[in-house]
Amino acid sequence: MSDQRISRFDVPELDDLPDDMRQQILAVQERSGFVPNVFLALARRPAEFRAFFDFHATLMDSDEGLSKAERELIVVATSAVNQCLYCVVAHGAILRIRAKDPLLADQVAVNPAKADLTERQRAIVEFALRVARDSASVTDHDLEDMRSKGFSDDEIWDIGAITALFALSNRYANFAGIRPNDEFYGMGR
Amino acid sequence: MSDQRISRFDVPELDDLPDDMRQQILAVQERSGFVPNVFLALARRPAEFRAFFDFHATLMDSDEGLSKAERELIVVATSAVNQCLYCVVAHGAILRIRAKDPLLADQVAVNPAKADLTERQRAIVEFALRVARDSASVTDHDLEDMRSKGFSDDEIWDIGAITALFALSNRYANFAGIRPNDEFYGMGR
Amino acid sequence: MSDQRISRFDVPELDDLPDDMRQQILAVQERSGFVPNVFLALARRPAEFRAFFDFHATLMDSDEGLSKAERELIVVATSAVNQCLYCVVAHGAILRIRAKDPLLADQVAVNPAKADLTERQRAIVEFALRVARDSASVTDHDLEDMRSKGFSDDEIWDIGAITALFALSNRYANFAGIRPNDEFYGMGR
Amino acid sequence: MSDQRISRFDVPELDDLPDDMRQQILAVQERSGFVPNVFLALARRPAEFRAFFDFHATLMDSDEGLSKAERELIVVATSAVNQCLYCVVAHGAILRIRAKDPLLADQVAVNPAKADLTERQRAIVEFALRVARDSASVTDHDLEDMRSKGFSDDEIWDIGAITALFALSNRYANFAGIRPNDEFYGMGR
Amino acid sequence: MSDQRISRFDVPELDDLPDDMRQQILAVQERSGFVPNVFLALARRPAEFRAFFDFHATLMDSDEGLSKAERELIVVATSAVNQCLYCVVAHGAILRIRAKDPLLADQVAVNPAKADLTERQRAIVEFALRVARDSASVTDHDLEDMRSKGFSDDEIWDIGAITALFALSNRYANFAGIRPNDEFYGMGR
Amino acid sequence: MSDQRISRFDVPELDDLPDDMRQQILAVQERSGFVPNVFLALARRPAEFRAFFDFHATLMDSDEGLSKAERELIVVATSAVNQCLYCVVAHGAILRIRAKDPLLADQVAVNPAKADLTERQRAIVEFALRVARDSASVTDHDLEDMRSKGFSDDEIWDIGAITALFALSNRYANFAGIRPNDEFYGMGR
C-alpha cells in the first residue's frame, strides 16, 4: 500500500498548538468541513505558519484588481509547472468553485495553451509562467507590455507576488511531501 | 468566449463516413453515451483512423501481462509529460474507472513521484517516462533492470509500445488541437 | 566486439510469420535487395506490425500535397531530434534517393539551420520540429502562419502526422534497440 | 546611462510608512549604515512587507541547528540558480561576513561544485539546489539520505524552508527589478 | 537555390596570404586533393589561423596514448552535441578513414549510446560528452573513475583538451557559417 | 579542509620549463605581482600553452573595434554561462580594472539582463551568449541584425571568436580544476 501520511515530518497535535493557530485551524475546518493538510504540516513551525498564512491572506483573499478566481488561476498554472501535487489539487478545487467552472483547473494544470481562457486570463497566466520559470529574464519591456494590455501596476505586482508566494509554497509542499486531502479532488466538479 | 471546436481541421459528417468507421463510432457512442472527439477529428483521414484504432485496440484492450489499468496509467503519465490535454483528460477518466480509484489519474498527471503507486506501478511509470522523454538513452542495462524486477519481455515491450503510441497520439491531438469532450472531466470521480 | 543483434527482443523466423506479413517482407526484400531490420523486429507483434505499416503506407507513399522527398525530409529532421539511429540512417538513405541529393540527409540530421533548404522546405522542417519537440505549444496562430506561407490544411496535417508517426517509430526503435542494416549507410551517396 | 532606480514600481517615502515599518527600517539603517533596497521596494505593500520580514527573521536570524553562515550559504547558492542579482549580491556580502571568508560567496555563486566547502556544507548546498531546481523530485529517500549524513529533521526542514523563502524572494526581486545597493558589492572582502 | 558560400565573412585570396599560411594550405591541398574550407575561412585572421592549427596539430596528429582514431571519435561525438555541420562532416570523414570503419562516424553523430563502441571507446566518449555539455560538473571523482578504468593522466587530459578545442572550433564554424566541402560527405564510405 | 591545489593534474616547476615560457611567466608575475594559476596549469603541455596564449594575445590585447573592456565583458558573461570559476573570477578582476567599474563584473556574472549595460554592450553580450549557448542556431539574419546595430564584420567576428576561445578555456579550467588565485577576488573593487 502507498504512503498516506500528511507530511514527511512530524505533525503536532491540535491541542498542543498556540491558541491563535488552533482557532484559525478550527475556523477553516468549520468553513470547509475538513482541515486542509497544509495547516497541520506547517503547524510544526508556528512562526513560519503565521508568516505563510499572513502572506496568503493578503494575496489571495482580495478582489481588488485581480479577482479571486484570477488569483487561483495563477496558483494552479504555476504550481503545475513546479509539479506540486498539493497546490494543484487543493487550489484546483478552489479555482473550480471561484470561477464556477468545472473544467478550467484541469485545463490549466495540463496545458495552459489549450485552456479556455479569455485574453485577459491568458495574459495573466503567461506573465505568471514567466515569473515562475525564468524570473531573471523579466525586463522593463515585459512590464510595459502588461501595462499596454490594460493591467495596472498593482495588478502586475499581484501576479508576480502570487507566483512568488507559490514558488515558496510549492517547494514547502514538495520537500515536506504534504499530501492533499482526498476531499479536494472532487470539489466543484 | 473561448474556442469550442472539436479540432483545428474540418471534421466530416458521420453520414459521409465509410460504413466500417460509422459503425465503429456508433458502437463507441452506445457504449460511452457520447462520441469521443478523437474519433471525429481523425475521421478526416480514414486510413490513419483505421491504423490508429487498430494500434490502439491491440495495445490497450488486452489484460495479458499488463492489466488494463496499468496500460491506462502509462497513457496518463506520458501524456502529462507531453502536456496533451485530450489524452490526460480522456484517459484520466478511463484510468479512474479501470483502477477503481478516483485520485490516481490526477496524482500521476501532476507528479508521478508523489502518486500512490505500488512498487510494480512505479517501475512501469518510470520506464515509460524514460521512453517518453529520452528514448535514445535506453540501454540493454535498462531492460536487464526491468527483467530483474520481474517483468517479462512482453510486458517491457508493451510499456515501450504504449508509450510510443501515445507519443504519436499526443502529437496528433496537440497539432490538431483536439478538444476533450466535457463528459470526460467528471467520469469515475 | 560490439553488439550486432537486430533487436533487444527475440525476432521470429520468416517461416513462422502469417502469410500476409511474409509476402510483404519478401516483396520489400526483392525491391531493396535486403530486409530492413524494422520489419523483422516488429514481426514479433503481428497486429502492431500491420498497424504500423498501414500508417506508414498512407503517410509516406503519397505524392499528393507533400512530395515523397519532403516526407522523408520530415522523418530525418525529427528522428535526429529523437536521436533515433535506425530512422536517421534508414530514412537518410531514402531521402538521398528521393531528393536525388547526396548531402541533404546529413545536413538535416546534424543541423537543419545550416542545411541547403528551399524556403518551402525550411517551413516544413521548422513546423515538424515544433511538433516533434513541443507539440503542446502549437496554437491556432502557428496554423495560420503555415497557411499564410501557402500550405493547404492537408499539407499541414501531413507534416504533423508524419512527425507524430515517427515520434512513435523513433521510440520503438530506441527502446527495442533496432539496428539499422549496414546497407543503408552508403545508399544514394 | 543605465537605470539606477531602486525598483520598477513606485517606492513610498519613509515618512509615509506605518510606524512599525519605519522603526524597523531605521533600525536596519543604523545597524548597516544604509537602507537595503529590498526594504524600500517591499514597503509599497505593508502586509507583504511584514509577512516577508517575519519569515526572514524566523529562518535567517537563528543559530539553532544550522549556523547563520550555513543559512546564508543556502541563500547565495540557490539565488545564483535563479540569477537573482539582488540576493546574490546582498547575501553574498552577509555570507562573507558571517563565514569570515572573502572567497566563499563568489565561489558558490559561480559554481558550487568548485567551491571550498566542507562535507557538511556540500550536503547542505546539494539538498538546497535540489529543492530550488526540482523540488518535485524529492522523495523519502532523499530525506533518509540527509538523516544518514547526520542532519536532524529540523535542520533538513530549515534547508528546505530557506530555499523556499528565497524562491519567493528571488522572484520578487526579479519581477520588480530590485537593485542591490552599491555598498553590498565590496562588503566583507 | 541555397547558399553555397564558404563563410558568412569575406575570404581572402590564396595569393594575398603570408607565405607560411599559403604553403600550409597548398600542402593540405596536395595531400587531400582539395582545400578544406576551414583553412580559407580562418585565413581572414592570420594570428587566429596559426594558433588554431598549432593547437590542432599538437592535439590531433599524435598517436601517443590516445590513437588518432580515438581523437577523431571525440571530435565527432562532441561536435554532434554542438550541431556543428562542418566538424561532424569533415571529421566524420577522417574518422571513417582512421578507424577503417564506414559506419562509426554516423552512429556516434546520431546517438553515441547506440554506436558500436568498445568499452574503452565508450569511456572516452562519455567523458568527452560530459566536458562538452557540462564541464562545470566534472569533479575529482570523475578523474578517479577514469584512472580506475585504466586511463593515464595524459590520456584524460587529451580527452578534455580535444573536447575543449572543438568547443572552440564548433563555435567558430557555427557563427561564421563555414560550409563543409562536398568532398567530405562521401569519403571513407 | 578544502582542496587548495592549483590543478587536478601535475604542475611543472618553473625551472623545468622552456626558456620562452619561463620568460613569459616571469613577465606576467612582474606585471601582476603573482603568477595566475592558468599559466602553471597549462605549462604541463608546452605546445598547448603556446597556442592558447597566442590565441589569447591576438583576441584580448587589442583595442581595435572592440575595446579591451568590451572583450573582458564577453569573457565574464560567457564564462558565467559555463560556470567556470577560474575565468569568472580572474577576468572579473580584469573587467573591473579595464572598465574602471567595481560592479559590472558581478552584475554580468549573475544576471546580464539586470546589469548596467549600454545598448552597445547589451548587443555584444546578447550575441556572445547566443554563440556560447547555442551557436548552431546563429543564422545570416543574426549577422544582419548586428550589422544594422552598427557593428562591423570584424567586431562581430571578434565577439564570436572571443566567445569561442573561452568556450575552450572554460572547459580546460573545468576539467582540470584550475583554481583561481585568491588575489583575483578583491582586485579592482
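Per-chain residue numbering starts at 1, and chain names A, B, C, D, E and F are given in the order in which the chains are listed.
The rule we apply is simple: a residue touches a chain if its C-beta (ideal position, glycine included) is under 8 Å from a C-beta of that chain, and two chains touch if they have at least 3 such contacts.
Everything numeric in this text was worked out from a predicted model, so none of it was measured.
Contact with both chain A and chain F is made by C, D.
Note on chain D versus chain F: their Cα superposition corresponds to a rotation of 180 degrees, in steps of 5. Farthest chain from chain F (centres taken as the mean of C-alpha atoms): B.
Across the assembly, the mean Cα position most removed from that of chain E is the one of A. Where the sister copies chain C and chain E meet, the same residue numbers recur on both sides for over half of the interface positions.
Centres computed as Cα averages put chain A at a distance of 23 Å from chain D.
Centre-to-centre separation of chain C and chain D, using mean CA positions: 51 Å. Chain A and chain B have CA centres that are 29 Å apart. Residue positions 3, 83-84, 111, 113-114, 136, 138, 174, 177 of chain F are each in touch with at least two other chains. Contact annotation for chain pairs lists A-B, A-C, A-D, A-F, B-C, B-D, B-E, C-E, C-F, D-E, D-F, E-F, with touch applied as defined. Looking at the complex, you find that chain E touches chain C at residues 2-4, 80, 83-85, 88-89, 102-103, 106-107, 109-111, 113-118, 174, 177, 182, 185-186, 189.
Chain contact summary for the complex, chain F toward chain E: residues 3, 8-10, 44-45, 47-48, 50-52, 54-55, 57-59, 82-84, 131-132, 135-136, 138, 140, 143, 153, 157, 160-161, 163-165, 167-172, 174-177. Residues 111, 113-114 of chain C are the ones touching chain F in the complex.
Note for the complex: chain A touches chain F at residues 136-139.
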